[in-house]
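Comments concern the structure below.
In this document, chain identifiers A, B, C and D correspond to the written order of the chains, with residue numbering beginning at 1 in each.
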Amino acid sequence: MKPIRRVLIANRGEIAVRIARTLRERDVTSIAVFSEPDRASLHVLLADEAYPIGPGPSRDSYLNLERVLETAKRVRADAVHPGYGFFAENPVFAKACAEAGLAFIGPKPETIAALGDKLAARAAAERAGVPIIPGSPGPVATLGEARDVAKRIGFPLMLKAAAGGGGKGMRVVRSDAELSAAWDVTRGEAGAAFGDDRVFVERAIERPRHVEAQILADSSGRVAFLGERECSVQRRHQKLLEETPSPAFDAKTRAAFGDAACRIAKAVGYLSAGTVEFILDEEGRFYFLEVNTRLQVEHPVTEMVTGLDLVAEQLAIAEGAPLSFGDTPPVPRGASMEARIIAEDPAANFMPSVGRVERVRFPQGPGVRNDAGIYRGYQVPVFYDSLLSKLVVWGEDREHARRRMLRALGEFVLEGLHHNVAFHRWLVAHEAFAAGNLSTRFLDEHFKPEMLAPDATAGEIALLAAALHAREQSLEVSLPGGNGVERSPWRWSDRRRAGGRTRA
Amino acid sequence: MKFWVTLAGHDREVTLRTEDETLVLEVDGRRLVADFHRLPDGEVYSLLVDGRSHEVRVATGADGLEVTLDGATTVPVEVRHPLEKMLRAAQGGARGLGGETILAPMPGLLVAYKVAAGDVVTPGQAVAVIEAMKMQNELTARHGGVAGEPLVAERSSVSAGQPLLRLKAAPA
Amino acid sequence: MKPIRRVLIANRGEIAVRIARTLRERDVTSIAVFSEPDRASLHVLLADEAYPIGPGPSRDSYLNLERVLETAKRVRADAVHPGYGFFAENPVFAKACAEAGLAFIGPKPETIAALGDKLAARAAAERAGVPIIPGSPGPVATLGEARDVAKRIGFPLMLKAAAGGGGKGMRVVRSDAELSAAWDVTRGEAGAAFGDDRVFVERAIERPRHVEAQILADSSGRVAFLGERECSVQRRHQKLLEETPSPAFDAKTRAAFGDAACRIAKAVGYLSAGTVEFILDEEGRFYFLEVNTRLQVEHPVTEMVTGLDLVAEQLAIAEGAPLSFGDTPPVPRGASMEARIIAEDPAANFMPSVGRVERVRFPQGPGVRNDAGIYRGYQVPVFYDSLLSKLVVWGEDREHARRRMLRALGEFVLEGLHHNVAFHRWLVAHEAFAAGNLSTRFLDEHFKPEMLAPDATAGEIALLAAALHAREQSLEVSLPGGNGVERSPWRWSDRRRAGGRTRA
Amino acid sequence: MKFWVTLAGHDREVTLRTEDETLVLEVDGRRLVADFHRLPDGEVYSLLVDGRSHEVRVATGADGLEVTLDGATTVPVEVRHPLEKMLRAAQGGARGLGGETILAPMPGLLVAYKVAAGDVVTPGQAVAVIEAMKMQNELTARHGGVAGEPLVAERSSVSAGQPLLRLKAAPA
């Protein structure tokens, strides 16, 4: 296979920047693409080259297949890295790249297609002898069938859209009555959301942990397991904080887990980097969930403990080269955590926020890696995912990593828009988190918005700050009913009221 | 100098004095002393209170001031002139529903209204649902009031700051 | 020994910040001190507590022993960390701390005193059977004696002030004539600079490499060697870029080297972190130079490959605890480099620069650690060392680390004052550097200021930028001899001329 | 529009045209085209030249403009009006020694002067030594001229921007 010299990054923001960095280090030209509102995005500034691909809405730019491929060919790229999201798990795009003579840095199109179908993936796992959650062998056509399955495996049950994923198209039912009520709705939603109304039924796991296996596979059929990542702390089925190793694992579990992941990868002839997701029940049994045929947002925690550069490995694999470490993956050292810094307001049901980065000072120092997609003055666009930065730390063990994360979060200055840094400070300091007692229901069980309310000291500091502001202000205001015009160091509180709850 | 500060729902009278970079505040009979220093980049101060180091930023938000503590925690504060306080009192204590205009916080799709014209909306009540960044988000009233006619059609896209609904003030 | 809960950091800027970070991670209260011009310094912002200790000049604040100790006692500190510079190698201060009931985080006062004297240190090394540079056994009283030494060991020779160090008080003489000429001058300078005019004579090593050993010793007498650092790239005898491992070392040399360093440490009953400096001749023989009884600026490269936190180790040692790794130091992984980002103008003989940080964007991403003492808007004070930041990278091997350093330097945005980022870009890209062919004469042999001059492309970009500026400008200027007042998009070049070469 | 640019000692006439965010420059018979976008935080532009991404900052330095490329390389540039060029020409080519005032670049100690009153100082010649940040640094003349009387005493401390020596212009 010919060496890769010019890579078009079919993505934006933080992940495009991260990919460009590895390309730079490997002496490969990084080619960014950008939508109109992304002209000033960091990935445009840090890439070697950058080209426009259309208006803000994703479908008109980052998801415009023709435009992206036309650009790749025009600028003589010889490979495309999809990052995550957008075209990352789109077999049509992967195929189109190959047809256009571009190396797609990822798995084979047919693998992406096969694993994209939950049922096919489930079947593959079963064939590979990997435990799956008890449930219907395939899609369930009628409510009657669903009831039969329920009788067999018992409640609570999960109704799952075959084409769903990432928490979308799922519904838990706890009784026969709930099942009857939910059946049509779930199918309807699945049809509307994914153009595929097939639904299957499986046992719902209470207080599950989300643990996933990072795998790498090269074109010689070599498959490596690079350790697990626990991603149980979630909101709206979106991961908020990930770590490795999982506090729920011992060496024995890990070995069985890695072996299961590799069996699946081998069974489907996997290529490049991938993630096999499992859920772990309270007894520590793991069940296959799905395979993500791409780089994960949380890949850095694996890099921190292994010293590997997963993007560099993907690049080498796409060139037909073997894994850099041959048959012996590096032994993980220490522990790592990643906190996703997101433009949202945890105090208002994690409502997304837009705005300008008025002031920012990122954490630094020993064991801290911060992959940001923003900079001072940057205006966060509304069209895309609201991930601003990934704060990653390394520690000699989990507690050291946790304390270091707390330290780094304490240093994090980010002003001008709502974000979840204060939430992460709360989370990482929480005793249940410190104890490693996690589940995907962590927030439901522990979090209330009031918990982020400033304490007494904070109140006093705020008071001092307000006083200093009042002192600096000196606006001429005439006080209605007051004694005419006077110099006044403050404004009327009702002035500048925008009304509503403007979060911009 | 004296003024009123509203913080976390509490109204307090505050007396302020400064010498050089020392700030002395009297509130609720207590005395707060801080060494302060203005930092570059916006209205940012370094405060040393009994030696403890704090970094604060003051910005003008939608409702009075927003003070950001240690880079991440934002506290809304209102600073008012004593006279205004008196006026309010003169106008009679009970304020009823303040009335307001609900604005679109960001560009997106107005999915639906949660209230109809004529409804009495209380503070904190959800009035509309807007979809942005692939998520649905409820907009809530802050001061409440009597809902007017919808200003945009449901399922239509709206731009940031666009008025969605007016709430008329309603005396208690 | 009682646990340490509150540590006063008797230092400033980048190193004070670095120490505060470890304290925060270990749940120890960090107490900063600051001079008047340092009120807005990053270490004041990031420490838990901060107290003023006087005016700008070091002797009135950071070197004001009474003031520092009085503050430490008043704020109930139970230990003091000196960082480097200032009181770091001052036995009087270390002793005063002990007398004030404060734990001094560093070696014992008597060790500092003993090793502070070049001749005593040299003698100790000799007793420990560590190779030293051939020369006079002690100070040389007369020119006659110096000549006798010369006859014995031959030219070129080095005249060295007994109390000198860091390149100060040294002079190379290549002939008897030069020796005669230099003798009185050198003694005079030594007397003036160090209040001690003792001078000794040793063989001058041509094209020496500077390689040093990081050691850690606990109160149980355990001494560990944590690998070497090569710091050959220097200007004005100040290190510019450091790395580990040394490209000049093989396993055999390293073992002998580490063994020699540990022997010296044991011989003097060393405690805490220390560095044994050696010079390496072109045949790869190493000779003892001196011992730095403190943390080094370049300590992070050792942390990157070992995963250790040297400040945390110092803290534990000061509490009487054993080394965290017992008798088996972690096996170093990969390679690391540190570039010192300094406020100076390499194009003007590295003349120091002061000014305001108008815009800054630090490098991030995999394998990059940047320990900065500055932030946007920060005014660099004139009173102190001009080190702004330490850019440190890790790579799987030296070449990977080098390429990553190049990548990180390429991302580094720092505007408003002169600095050496562009110089480092030149250095790290240089083929001799890439080949690991280093010596303390690297700059003399390879560097010319013209090498930093912008190339043709840079010229064109500058032209475009200037044009955009001209376009934005629109000042009313009346053109003498021109046709009266007209709108003109540019200023007269002679306007705003400050004259001289203002570097502020 | 047209103007003169002095860059690395070369004087060139430049013609500039812009449409939206496209910049077209003609210089030395060559044509440079760039897509430009102004970034926040100072006068900073992102330039895309044949797709290649560059970040530039323009600041007004001691001598005309200073353009910083990719965050670290600073290039002094002078932008001049064509008429000024003509004037210069009219005044006769040879410029002789421009004359200037040497300023202290930073607070420090004036160690010594390297020239005496009446000396003819050529551009680049060292005129004084100042000690700051524990280092001795030579100050050099940029335009040269005839040295006047020392403005401060040797071994005395000076503040940033303080005039140290005047150099009178000397025609060639």
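Structure notes:
Heads up, the rule we're going with is that a residue touches a chain if its C-beta (ideal position, glycine included) is under 8 Å from a C-beta of that chain, and two chains touch if they have at least 3 such contacts.
None of these values were measured; they are calculated from a predicted model.
More than half of the contact pairs at B-C come back, by residue number, in A-D, the repeat among A-B, A-D or C-D. When the C-beta pairs in contact are tallied for C-D and for A-D, the bigger tally goes to C-D. Mean C-alpha position of chain C lies 32 Å from that of chain D. Centre-to-centre spacing of chain A and chain C amounts to 40 Å, using the average Cα coordinate of each chain. As a whole-number value, the distance joining the C-alpha centres of chain B and chain D reads 49 Å.
Residues of chain D in contact with two or more other chains: 41, 55.
In chain A, the positions touching at least two other chains are 46, 361, 376, 410-411. Those residues of chain D whose C-beta lies close enough to touch chain C in the complex are 1, 3, 5-8, 12, 14, 16, 18, 23, 25, 27, 32, 34, 36, 41-45, 47, 49, 54-60, 62-65, 67-75, 77-81, 83-84, 87, 90, 100-103, 105-108, 132-135, 137-143, 160-161, 164. Listed in rising order, the residues of chain C touching chain D in the complex are 236, 349, 351-354, 358-359, 361, 376, 382, 384-386, 409-416, 418-419, 421-422, 425, 452-454, 458-472, 477, 479-482, 488-493, 496-504.
On the chain B side of its complex with chain C, the touching residues are 21, 37, 39-41, 46, 48, 51-53, 55.
Considering their complex, residues 31-32, 39-40, 44-51, 75, 356, 376-378 of chain A touch chain D. Here chain A touches chain C in the complex through residues 17-18, 21-22, 24-27, 46, 300, 303, 307, 309, 324, 333-334, 361-362, 364-372, 375-376, 394, 396, 400, 403-404, 406-407, 410-411, going by the rule given at the top.
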